[in-house]
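Every chain is named by a letter (A, B and C) in the order it is written, and numbering of its residues begins at 1.
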Amino acid sequence: MADFMKSEVFLAFSTYASVMLVKMLIMGPLTGYFRMSRGAFSNPEDARAHGGTDEESKKKLMTTNPDVERVRRCHQNDLENIIPFIGISLLYTLTEPNLSTALMHFRIFAASRILHSIAYLVPLPQPSRGLCWLVGLGTTFSMVYRVLKAGMRL
Amino acid sequence: MADFMKSEVFLAFSTYASVMLVKMLIMGPLTGYFRMSRGAFSNPEDARAHGGTDEESKKKLMTTNPDVERVRRCHQNDLENIIPFIGISLLYTLTEPNLSTALMHFRIFAASRILHSIAYLVPLPQPSRGLCWLVGLGTTFSMVYRVLKAGMRL
Amino acid sequence: MADFMKSEVFLAFSTYASVMLVKMLIMGPLTGYFRMSRGAFSNPEDARAHGGTDEESKKKLMTTNPDVERVRRCHQNDLENIIPFIGISLLYTLTEPNLSTALMHFRIFAASRILHSIAYLVPLPQPSRGLCWLVGLGTTFSMVYRVLKAGMRL
């Protein structure tokens, strides 16, 4: 076991899975930053902690803000795409692929998701964001194909 | 290690995990399809790319549509239920269960989630969707019980 | 392989991963309970099944309720934080850490997330919820650091 876990392919999986999860986790504090700088909270206790001492000012701090909603949609898209990638790429890694093929999949996925977030948050005109999303999805499906080709039991 | 990864139980896990993740990933493009066919976007740059060239037509394309919201709730329910299943069923597979017991869990879960999506998207009258959700949840809890019975360290 | 899967560190991972996923899964039925007791549904077929027999009473049951929305935000925060923890802690466990260090990470994370939900649902005044969230996030990042220090392949 220890041998496999020290193999180059497993190290590559471990590295890219960590990087992608960190990228996704960062969206949390980023949402918090936008909520605080824009003064747009969804909990009354948060509004109170940020200057909403009386009812009127509290109500004013409990709005939806387009920048906050944008970060939240970007975070949600990460949940919908990065988490399946982690599961599929673990299964893919266990099929013992070539290091170069595996690295190609991991690198393309990671680049597509980082560019996706940039395209979402700047925002860049479409279809830049859509293309990044499609490339990431295609990479995941390519790994699914290799996992199922390596063996199936329904 | 390679031996275990080629065991029937692991192949069954790998197959059902892949199928469930693919089922969940498909909700993404499906949301995109409904957004485009219904003309209901949440980003101004998406509305612009689909005919919202002036301010007025752009605003008209940035509404919420009941069909889009329905697909999104279905997708969210998949995230809340399929991802925990992947984690629990990996741990369950590592306890080396009987192939037939494992397959029974995986098959019931997969069927319940596919029927759940059909019940959500048609939509079928309740309690069809609720029952599908409960069956999937029960299957997951049955696997949790077996994982914790096999060994615990708190 | 079987040896590693019976190691104390792996058992600890398996136990805490299961407990955290169960904690997250419980938010689903909890949302259902609040929807039913508050009479606040998002699907017409759900409203119909809970007394919305005519158009007017159905419309009245399809509102948003602050308690329902609070549980949903709590559930979403679990998805955003507990799922990355499962992935990272699996990779961390595979680096074969000391049992005591691993247990410390798992216990702090589990406590922080259970307290986070209590602080969210009571609700307790801020910064209690914010601190619980930060402690959980810090624990996850500490494990990321140890995973990447153990080996990287970009």
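Everything that follows uses one rule, which is that a contact is a pair of C-beta atoms (placed from the backbone, for glycine too) under 8 Å apart; a residue touches a chain by one contact, two chains touch by 3 or more.
All values derive from a computational prediction rather than experimental measurement.
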Answer with same or different: of all residue numbers used at the interface between chain A and chain C, are over half used by both copies?
different
Considering chain A as a copy of chain B, what rotation angle in degrees (nearest 5) results from a C-alpha superposition of the former onto the latter?
120
Taking each chain's mean CA coordinate, chain A and chain C are separated, in whole Å, by 17
Could you list which residues of chain B touch at least two other chains?
1, 79, 83
Contact footprint of chain C on chain B as seen in their complex
1, 3-4, 69-70, 73, 79-81, 83-84, 87-88, 91, 94-96, 123-127, 129, 133, 137, 140-141, 144, 147-148, 151-154
For chain A, which residues count as touching chain C in their complex?
1-2, 5-6, 8, 11-12, 14-18, 21-22, 24-25, 27-29, 42-43, 45-46, 48-49, 75, 79, 83, 86, 103
